[in-house]
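Note that the chains are named A, B, C and D in the order they appear, and that numbering of residues resets to 1 at the start of each chain.
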Amino acid sequence: MKPLNIGLIGYGFMGRTHTNGYKRANDFFPELEYRPVLKAVCGRNAQKVQEFADQWQYESIETDWKALIKRDDIDAIDICTPNNSHAEIAIAAAEAGKMILCEKPLALNPEEGERMCAAVEKAGVANTVWYNYRRVPAVTMAKQLIDEGVLGKIYHYRANFLQDWTISEDLPQGGAALWRLDAAAAGSGVTGDLLAHCIDTALWLNGSITDVSAMTETFIKERVHQDTGEKQAVTIDDACSFMCHFDNGSLGLFESTRYARGHKALYTLEINGADASIRWDLHDLHRLEFFSNADEGRLRGWRSIHVSDHSGDQPYMDKWWVPGLQIGYEHTFVHQVADFLKSLQEGKPCNPTFRDALETQEVCEAVLSSAKERAWKNV
Amino acid sequence: MKPLNIGLIGYGFMGRTHTNGYKRANDFFPELEYRPVLKAVCGRNAQKVQEFADQWQYESIETDWKALIKRDDIDAIDICTPNNSHAEIAIAAAEAGKMILCEKPLALNPEEGERMCAAVEKAGVANTVWYNYRRVPAVTMAKQLIDEGVLGKIYHYRANFLQDWTISEDLPQGGAALWRLDAAAAGSGVTGDLLAHCIDTALWLNGSITDVSAMTETFIKERVHQDTGEKQAVTIDDACSFMCHFDNGSLGLFESTRYARGHKALYTLEINGADASIRWDLHDLHRLEFFSNADEGRLRGWRSIHVSDHSGDQPYMDKWWVPGLQIGYEHTFVHQVADFLKSLQEGKPCNPTFRDALETQEVCEAVLSSAKERAWKNV
Amino acid sequence: MKPLNIGLIGYGFMGRTHTNGYKRANDFFPELEYRPVLKAVCGRNAQKVQEFADQWQYESIETDWKALIKRDDIDAIDICTPNNSHAEIAIAAAEAGKMILCEKPLALNPEEGERMCAAVEKAGVANTVWYNYRRVPAVTMAKQLIDEGVLGKIYHYRANFLQDWTISEDLPQGGAALWRLDAAAAGSGVTGDLLAHCIDTALWLNGSITDVSAMTETFIKERVHQDTGEKQAVTIDDACSFMCHFDNGSLGLFESTRYARGHKALYTLEINGADASIRWDLHDLHRLEFFSNADEGRLRGWRSIHVSDHSGDQPYMDKWWVPGLQIGYEHTFVHQVADFLKSLQEGKPCNPTFRDALETQEVCEAVLSSAKERAWKNV
Amino acid sequence: MKPLNIGLIGYGFMGRTHTNGYKRANDFFPELEYRPVLKAVCGRNAQKVQEFADQWQYESIETDWKALIKRDDIDAIDICTPNNSHAEIAIAAAEAGKMILCEKPLALNPEEGERMCAAVEKAGVANTVWYNYRRVPAVTMAKQLIDEGVLGKIYHYRANFLQDWTISEDLPQGGAALWRLDAAAAGSGVTGDLLAHCIDTALWLNGSITDVSAMTETFIKERVHQDTGEKQAVTIDDACSFMCHFDNGSLGLFESTRYARGHKALYTLEINGADASIRWDLHDLHRLEFFSNADEGRLRGWRSIHVSDHSGDQPYMDKWWVPGLQIGYEHTFVHQVADFLKSLQEGKPCNPTFRDALETQEVCEAVLSSAKERAWKNV
C-alpha cells in the first residue's frame, strides 16, 4: 500500500467532505494501491485549524499555504478555499510539482481557468475538480445508459438546482462564513455555486453547449455586511436561468435559485431521448427514474430504480451494503477519492480534469454575459 | 336503441353514483344496444325523493318500494337501501321478474344471501352487485395480467381500506344519515362496508379463501344516538384485520379501519408473484404500480403506469379521453352499467353476480366469527 | 329552470368534452337556474355529424355554421373548430347576438383576437374561452391561496407542458385529423396548443408578463402529408421554451414540447413565494403539493393535499363525492359550464373572457417573435 | 480522549457495518470522550480474518473467541456471529468483565436471552443490541413525536419487512454464507431476522405487546444444501404475519417475507394516532411522512419531511451535512456507536440493552408458538 500524502487548504464544509472521502476510500475499495494520509491541514486561524486537525486526525497544521506547498512530505494539494484564491494556489502548487484536487468551480473566470490548466499540464501533475455529483451512482448509471445508446437521439436536457436559504432579508452579507454571498470572493452567486454543478453534469452526459440565453436576478438589493454592520449593495446573482443549444441538436433549459421556498438542495435533471428518458433528483439521490419506450405499451411507465444493487451491475454499489440499503451524499466524495487513486495506478486522468472543468467555466461566463447584455451568446 | 327502464330504491350517496352511471354509459359506449331510462326513484320521504328526481331527471317517484316493484314499466330494480333491507327487496323483485342491481354488501349474512341467490336464479333474472372497484381500469388490468400469467405463482396478497371519519368521540351514532354505524341496519362495521370491497377484489383476482384468523375492535364503546340523544353501546366493528390462506397457496393479509388519521378512502392492494408484483391505491386510482423481474437487472424498478391510454390496450380507457388525462371514481359505475348492458345483449351474466357476492359474504361471516371466538375459521 | 340552447360547431375531441360538460352540470350543481339544451351540432360531413348527434343526443345537425348562427332557437355558439376559423365564426356569432364559448387559443394572433374582443364587447354578448385548467379544483385552490396572501411575495413561477406523441418520424403531417401539425390551421405548434394553457394559468395566478426571451425548435424538418402523400416542410414549432419577467417582479420559466418521451400530458406548475410554495401536475390533477414555512421547523415538508374534500373548503369538491374519491380531467369542463351558467344568473362575466384570453395571445405572439429574432421582446 | 479497545467476533456483513461505525463516530461526534480502537478481529478462518483485518485496519487477529475474551487489551466484545452462538459468547464475555455489543436478535429463544441478561447484569457490564433502525434519524424523530404526545392516543401500528431474495427454487440452503436459511443456526427465518427489527421498533415506539395471533409459511419445502449437495427439508419460516394488541389499547399488524418480488429491504411502519399519523420506509430512510389533523382543513395532507436539517432540531442531523443532503443506511451504526460511547461517559445504559432486546425475543417466541398452534398466545 503506497501512501498518498494529502495537504488540505481550507477546512470548511468542503474540507470535511473531502477528508471523509480520504478516510473511507480504502475501507470500501480494497483493490486500491494507494492510501491517502492526512498529512497536514492549512488555514489562517491556527486555533481553529488545530481543532479541525484534532477532530479529523490530521498529523500537522500550517497557517500559510505557501509553506504547505513547499513541504516535501506532501504529494497532493486539496484546495477548499474561496473561489478567488483557486488560481493562485493551484498554479503555485503545480509549479511545486504537487498533484491537485481543486474544489469547484475551477476559477473566477475562464481566463484564470486557462492559466490553471496550462500550469498543471506543463507540470504534468495529476489534477481533478470536485464536481462530485458525477459520482452519484444513479448519475454514473445515467452516463452508462446514454453511452450505450439506451436513450437514442437526445431531444431535451433540463436541470435545476433550487434552494431557499437566502430568502430572508435579514440574512447578512459576506464575511468569513458567508463568502458565497460576496461576488469578490465567489465570482458569482448561484451561477458558479449551483449552476456550475448542473452544467458540469450536462457537459459530461450530453456534450458541449454551443450558445445560451440567460436571465439573472438579485431579489434583495442591499444587505448588512456581517463584519462591518453597514448596508451594501448585493453583487451576486440570487437566481439564474438559461436556455441553450447542445452540439448534438438537443435543447437545454437550466435554472438555479436560492429563493425557492421548500427546496434545500433540489438538484434535478431530466433527459428525454427518442427511445427512453431518465430523471434524477438529489433529494432522493439513490433513485433513478427511467422510462423506456421499448416496454410493452400497456405496461409502459416511469420506473423508480432503487440504485442499491450489489451484484456489480450498478456503478459503485458493489462496494457498499446489500440491495435496498441506500448510501448518501458523502459517498460521492469517497467515490471521487477512489477514482482518483485508481487513476494514479493506471496513469490516466481522473475526470473532470481542470481542462474538463474549464469548459463549465466557459459556459458560466457565457451565461453571465448573456444575462448582462440580454442577448444570446456563443460559448 | 332499446330502453331499459330503471327503478331506483334509495337515493343517498349510492343513488347518485348509480344514476350518474345510467346517464353517462351511452355517451361513452356507443356500441350499446340498450339505453337506461330513469323511470322512477323510490324513498319514504316524498319531498326529498321528488327533489332528487328533479335534480337527476327521474320521470316519476314512489314512496313504497312494493309499489315500484309491481309497475310494469320497470325493467330493473336498483337497490341502494341500507343492508338490512336488501334481501326482502331483492327476493320480491326477483319474484316480480325484475332484473336486479344490488348495492354491496349483498346481504346481512350468508343465509340471507343464499336466499337471494336462489330467488334470482329461480326467476332467471339478470343480477349484479355493485362491487364497483373491479372496474377501475387499473384493477381490471391487474386481473388481465394475473390471468395471462404475468405474475407467475402468487405468494402474497395484501389489502387494506383505511379511513378516519369516525375518530371523533363526538360523532353521533345511527339515525337516518348514519345507518352505517348501526349494526342492526348495517350488519357490521368496517367488515361489511370496507373489507367486503377488498375481499371481493381478492376473490376475483386471486381465487377462493380457505380459512381466516381475524381481530376486530370497537375503540369508542358508547356514542350518543343522534335521534334519541341517549348514550348507547356501539355495536359495530371500528376496525378489523385478518390473515388468511388462499386456495392457490398464497397468504393474505387484510385490514380495515375508520381510525387511521390521514386516510380518507385509502383502499390499497398489492400482489406479489414469483415473476412480477402489482400495487394499486384508490387515492390515485388511475395508476398501477408494476414490478417485473424480467426487466434487465440494472434497470429493474417499480413502474408507475398512468392508466390513461386510448389505444385500446388498457381496459375501458379507449372510451374516454387521450393519454395522460385521468378519469376518477364515478367512472367505475359507468363501466359497470356499460358492462351490465353489454351482458344483456350477449345473454351472459354480469360479474359479480349475486352468487359471486355470496362468496364475499361467506368470508365476511368467517372473519366476524373468527374475531368473536379468537380462533381460525374455515370459510 | 331556463333552457340555454347550445349550438356546437366542431365535434372532435373538444366537442366531446364540452358536450359532456353541458350534460352533467345540472346533475351536480342543482342551484343553477339555466339548463343547457343540446340543440344542434354543426360540421361539414353530414354523416359524421349525425353520428355524433345520435351518440350525444343533439336534437339536430347543421353542415354550415352560418346557417347555425342564424337560427333563432340557438342562444349560445360553442366554437370547437381549428384555430384559423375562430375569428370569423366568433365575430359573425357576436353580430348575430349569440353568446360565445370559444375553444382556446382565442385566435391565430393578437390582431384577430382584438377584433373578436371588439365584436363581443360591441354586441354585449356573454363570452368565455375554454382554458379549462383554471377549474381543476387544485388549481382553483392555488388561486385562492395566492389571493389570500398565503404564499407571500412571489419569486418564481415555472411551468411546463410535456408530451411525446410526435416523436416518431413516421407520423404524417396535417390533414383533417392532424390539423394541429399544420401551421396554417393551428397558427403555431406547441406554443398555441400547450404553452397557451400554461400562460393562461400563469396570468391568472401571477399577473401580467412584461417581457420574454424564447427558443423554438422543429426537430423533424419534413413529414409526409397524410392527404397528399408528399413530403413537405414542417412549419410548426415542436418545442418552445421561454424565460420571462412578471409585473410583480417574479421570474418565469416555461417549456413545452411534444418530444419528451414518457410524458403524455404532463402540465406541471410550481410557484415559490417567500412564505409558501405550491406545485401541481396534470397527471395527478387531484393533488396539490404545498410547502409552508410557517410549519414547525422540524416538521416542515411538502404536503400532498388530496383535493377531494366535501365540506365546502376545497373549490368545487362539495359537488362531487366523498373525501378520498377523486375526480378527473373532464370535470374541468363541467365546472366551466356551471360557472358560465352562474355568471348568466348573476349578470357577470365568466373568466377567462375573450379579453382575458387576448392577453395570453399577446404573450404567445411575443414568444414566437422572440424565438424568431433571438431577442428579448416586450409583451 | 480515552481509547475503547474493541474485539470483534465475526467479520461478515455486520462485521463491516459495526467496524465502519467504530471508525467514523469520532469524526462526526467531536464531543465524545472515548475513541474506539480496532484492537482485534476474530474468526475461524485465519486467512480470511487477516484479509478483513488488513482492509479495515484491525491491529491483530484471533481464531478462537475464547482467546479473544481473555485478552486484557480488549474492553468490549462485539458479537457478529450466527444467532446460535450469541448466548455462549456473551455469557463468557460478561464473566470476563467485558462490555458487550451484540448483533440482533439477542438469542435463539427467551430462555437463552434471560441467561444472557442475568450474566451482564450480574457482571455489571455495559451492554447493547444492534437494533440499528432505532437510530435512523426519521425513526428517532418519530419516537420524539410520540413521546411529546403529537400523535395523541394511538389506534393502529402496522409494519412490514419485505424482501425477495429467496424466491428462486434454485437458491441453496444453509452453509457458511447462508446460515440465515438454516434453523439450527438462525433459530427461525424471517421472524428472527426481519420481524425482530419491526418488533423492536414497535416496542420502543408504542410499548408492550400483550397477545398475538400469527401465521407462518415455508413456500419451498426442500432445498439442496450447498455444502452436502443433498436435498433437505427447509426448516425456517419464509414468511410470517401476525396481529396483536398493544398494552395501550392499539392494534398491531405485522408482516415479513422473503417472497415479495420487487422489494429488497422494504421495512415500512405506520402509526395512526387520534391527532396525527406517521409513516416511514427504509427504502427512503431519510424521509418521514407526517399527517397532522391540526393543519387547516383545506390544506391537510401528508407531508414528506426530508430529515436533513442541521439546525439541531432533527435528531443526529446536525452532525452531518447541510439541509437537503441525505445520509444512508450505515449511519445508523455510527449513531449507535456514538450513543454507546456517550452512555459510557454518562454512566447510563445504552438502549436497547439486553433486557430491552429480551422483550422482542419474547414476542418472537409467542409469534412462532401462535403460528405453530394456530391460536392466540399471550406474550
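One rule holds for everything that comes next: contacts are C-beta pairs under 8 Å (C-beta built on N, C-alpha and C of every residue); 3 or more make two chains touch, one makes a residue touch a chain.
Per UniProt, the chains are A, B, C, D = Putative oxidoreductase YcjS.
Predicted model only: the values in this text are computed from it and were never measured.
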Please give the intersection of the contact partners of subunit C with those of subunit D.
A, B
Looking at A-D and A-B, which one has the bigger number of contacting C-beta pairs?
A-D
Of all chains present, which has the mean Cα position farthest from that of subunit A?
B
Subunit B and subunit D, separation of their C-alpha mean positions in angstrom
42
Distance between the CA centroids of subunit A and subunit D (whole Å) is 36
Cα centre of subunit A to Cα centre of subunit B, whole Å, reads 55
Which positions in subunit B touch two or more other chains at once?
263, 300, 302, 306
In their shared complex, at which residues does subunit A touch subunit C?
155-156, 158, 162, 164, 167, 213-215, 217, 219, 239, 241-243, 245, 249, 251, 253, 255, 257, 259-263, 272-277, 291, 293, 300, 302, 374-376
Can you check the complex and tell me which residues of subunit C touch subunit B?
13, 17, 19-20, 23-24, 26-27, 30, 55-57, 163, 165, 263-266, 282-287, 306, 308, 320-331
Interface residues, subunit B side, partner subunit A - complex
141, 288, 290, 292, 295, 297-306, 309, 311, 313-314
